[in-house]
Amino acid sequence: MFSLTVRDRFMVAHSFTGEVFGPAQRLHGATFVVEATFRRADLDADGLVVDIGVASQVLRTVLAQVEYRNLDDVEEFAGQNTSTEFLCRWIADRLSVDLGPAVTGLAGITVLLRESDVAWASYEKEL
Amino acid sequence: MFSLTVRDRFMVAHSFTGEVFGPAQRLHGATFVVEATFRRADLDADGLVVDIGVASQVLRTVLAQVEYRNLDDVEEFAGQNTSTEFLCRWIADRLSVDLGPAVTGLAGITVLLRESDVAWASYEKEL
Amino acid sequence: MFSLTVRDRFMVAHSFTGEVFGPAQRLHGATFVVEATFRRADLDADGLVVDIGVASQVLRTVLAQVEYRNLDDVEEFAGQNTSTEFLCRWIADRLSVDLGPAVTGLAGITVLLRESDVAWASYEKEL
Amino acid sequence: MFSLTVRDRFMVAHSFTGEVFGPAQRLHGATFVVEATFRRADLDADGLVVDIGVASQVLRTVLAQVEYRNLDDVEEFAGQNTSTEFLCRWIADRLSVDLGPAVTGLAGITVLLRESDVAWASYEKEL
Amino acid sequence: MFSLTVRDRFMVAHSFTGEVFGPAQRLHGATFVVEATFRRADLDADGLVVDIGVASQVLRTVLAQVEYRNLDDVEEFAGQNTSTEFLCRWIADRLSVDLGPAVTGLAGITVLLRESDVAWASYEKEL
Amino acid sequence: MFSLTVRDRFMVAHSFTGEVFGPAQRLHGATFVVEATFRRADLDADGLVVDIGVASQVLRTVLAQVEYRNLDDVEEFAGQNTSTEFLCRWIADRLSVDLGPAVTGLAGITVLLRESDVAWASYEKEL
């Protein structure tokens, strides 16, 4: 199995609901460093999993929908805790759609979000 | 599949038995940077794999049992080479116990130990 | 000249005033990874610049005053853009006070804040 | 499952064929930071996946065959785009041969090549 | 003294002249991860050393002049070893010009180029 | 001012004397990732601060004198706390001697030792 990963980043504000979150129930924010990994059993005709330029642009387009936003105000996320894990899945789902024809042949997409140097989460999506 | 990773670190002394270890047969030491990854098929009611605060505290508790120790003197490790691989499994096993009820719903735990910037090991435990 | 650096991190929300900030004028947030460096011409009687435990605790205490906060609501920062550079100086100033007697003998403190994997700022304070 | 990873690096020139590569069709180059991961279901008699010294030396030997080369001139790669993905597989295949008897008991080898701080690829080889 | 750093990267081919370079006399290549640091004694009216957007764009513009190139064919570098150190100075000099009016008030620019995970160089330019 | 940095690493055991060290008074150990920086006002005839191969070899030679050792048993360090800061200076001093003729023209050497991902020290030596 082959994989290709591209990295990008976005900054958001949000708050969490639930006592488990302690001080993170207050409005705060995060820089998320995103690592989007595309998996493919075999390489395509150009010897690639997916073109890095295409992968980077699609990832950028997805992140642009949420960056510099207060996620508490994003309608699509209403009633949800926008946890790091939740955002991983949201990005993976979007990538699988926004890749368009480039998704053909992919076995899966994994999105990893680093919320700091000591904590990160991921979501592995099978295609 | 979702995952959540927290990072911590500990410093120990130890020595190895066996010619394969060369100069590492002498008493020396290491800083181990630990990355403990918890996997879960679905998110819990709070939208999490495991609460980061809980995960960090349990990991800290496990590491506190060995840090600033000479592992050659730890009774539990008698007759064992405390290789990086061995320590990965020991930490993963401990985490699965010390998590208590928080282990419910987890699919697995992976512990990765970086012994330097150019070498690391991991152990993947299924639950 | 000797130096000793400790690293910590905090998460905040804030917004900026001024057209130069573009989309960052909206309420957003950041994870700041903080590297606080203490400089000393000579080592103290224990062979240290400053005890790592003390340095880490003082840094933690300073960061706890702002973490999980919306900096737009912090009275002390009213009328200020809480840019990464500005926060570097605020932390350095606080550290120099909160170190108490441990500040004796230090030549300076530098605070570096990483706002992402591709952008960071610092402030170097002479003592 | 256990794993052991060692890191090394090599620098090469090459060019790509195909419009998808845009400016990378021109002769350019890359530093590849290589992370070779060896997997084993159980530890060997010394408590290891593979000896780090052996793993590092074998990886070095493999990389020495291509480093400081223009890959466009390497006969073995004629007619191939030496993409990061392609090189991952080439290194993994070589490692599995050059490990010699040390390959016994391994479940697999994964080679990850970082071509920059924001892009990397991998190939996972089952044994 | 304040500083602001932005990171980018570029890939090039080149060769070196001189026995000291050993195998690097052959045509090879490198990924250079660039960290451009701008220093200023005081913050500007917006509370910044330099706007991150401006800094990033100017750096990108400078790097675009050499990326995906064989530096042996760049007229401006004829007769020069394009060592990492040499490229640091070339980028710093270009940045100081291409910043245009944004250079006003800056005390200096430092350019650091990482040629791998284990080697890097820098050039510090006073303004 | 130009600089050139090479990175290496070594593993040791040691203990500290003094209540300030808390649990680190027990025999423990560390992996030290070393970054040795050489500074020069102007480049030499080859366009270098110092040849990377030479710098790496000299650093390796210095580190080999202490690696896989219990520093408490090293005669040269008797009666000293081998703190990270202390080791930085020891390495810098050794490098300045062991560089031999390559030290000519250097303005200084800085040695930085990372004892973990969250703590490091340095010593800056003027030449």
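Lettered A, B, C, D, E and F in written order, each chain numbered from 1.
Quick note on the criterion: a residue touches a chain if its C-beta (ideal position, glycine included) is under 8 Å from a C-beta of that chain, and two chains touch if they have at least 3 such contacts.
Every value quoted in this text rests on a predicted model; they were computed, and no experiment measured them.
J.: Same or different, please, for the subunit C to subunit E contact, judged on whether over half of the interface numbers appear on both copies.
T.: different
J.: From subunit F, which chain is the farthest off, judged by mean CA positions?
T.: A
J.: If you fit subunit C onto subunit F using only Cα atoms, how far does it have to rotate, to the nearest 5°?
T.: With C-alpha atoms aligned, the rotation comes to 120 degrees.
J.: In terms of CA centroid distance, which chain is the most far removed from subunit D?
T.: C
J.: Express in whole angstrom the distance between the two chain centres, defined as the mean CA positions of subunit B and subunit C.
T.: That gives a centre separation of 31 Å.
J.: Distance between subunit A and subunit C based on Cα centroids, please, to the nearest Å.
T.: Each chain reduced to its C-alpha mean, subunit A and subunit C end up 29 Å apart.
J.: Using CA atom averages as chain centres, what separation in Å is found between subunit C and subunit D?
T.: Centre-to-centre distance between subunit C and subunit D: 40 Å.
J.: Give the residues of subunit A touching no fewer than two other chains, as numbers and ranges.
T.: Where subunit A meets two or more other chains at a single residue, that happens at 7, 117-118.
J.: Mind pulling up the subunit A residues that touch subunit B in the complex?
T.: Spelled out, the residues of subunit A in touch with subunit B are 18, 20-22, 80-86, 88-89, 117-124.
J.: Using the touch rule from the top, collect the residues of subunit A that touch subunit D in their complex.
T.: Within the complex, subunit A touches subunit D at residues 1-8, 43, 46-49, 51-53, 56.
J.: Contact residues on subunit C for subunit A in the complex?
T.: Those residues of subunit C that touch subunit A are 7, 9, 11-14, 23-24, 26-33, 67-70, 115-118.
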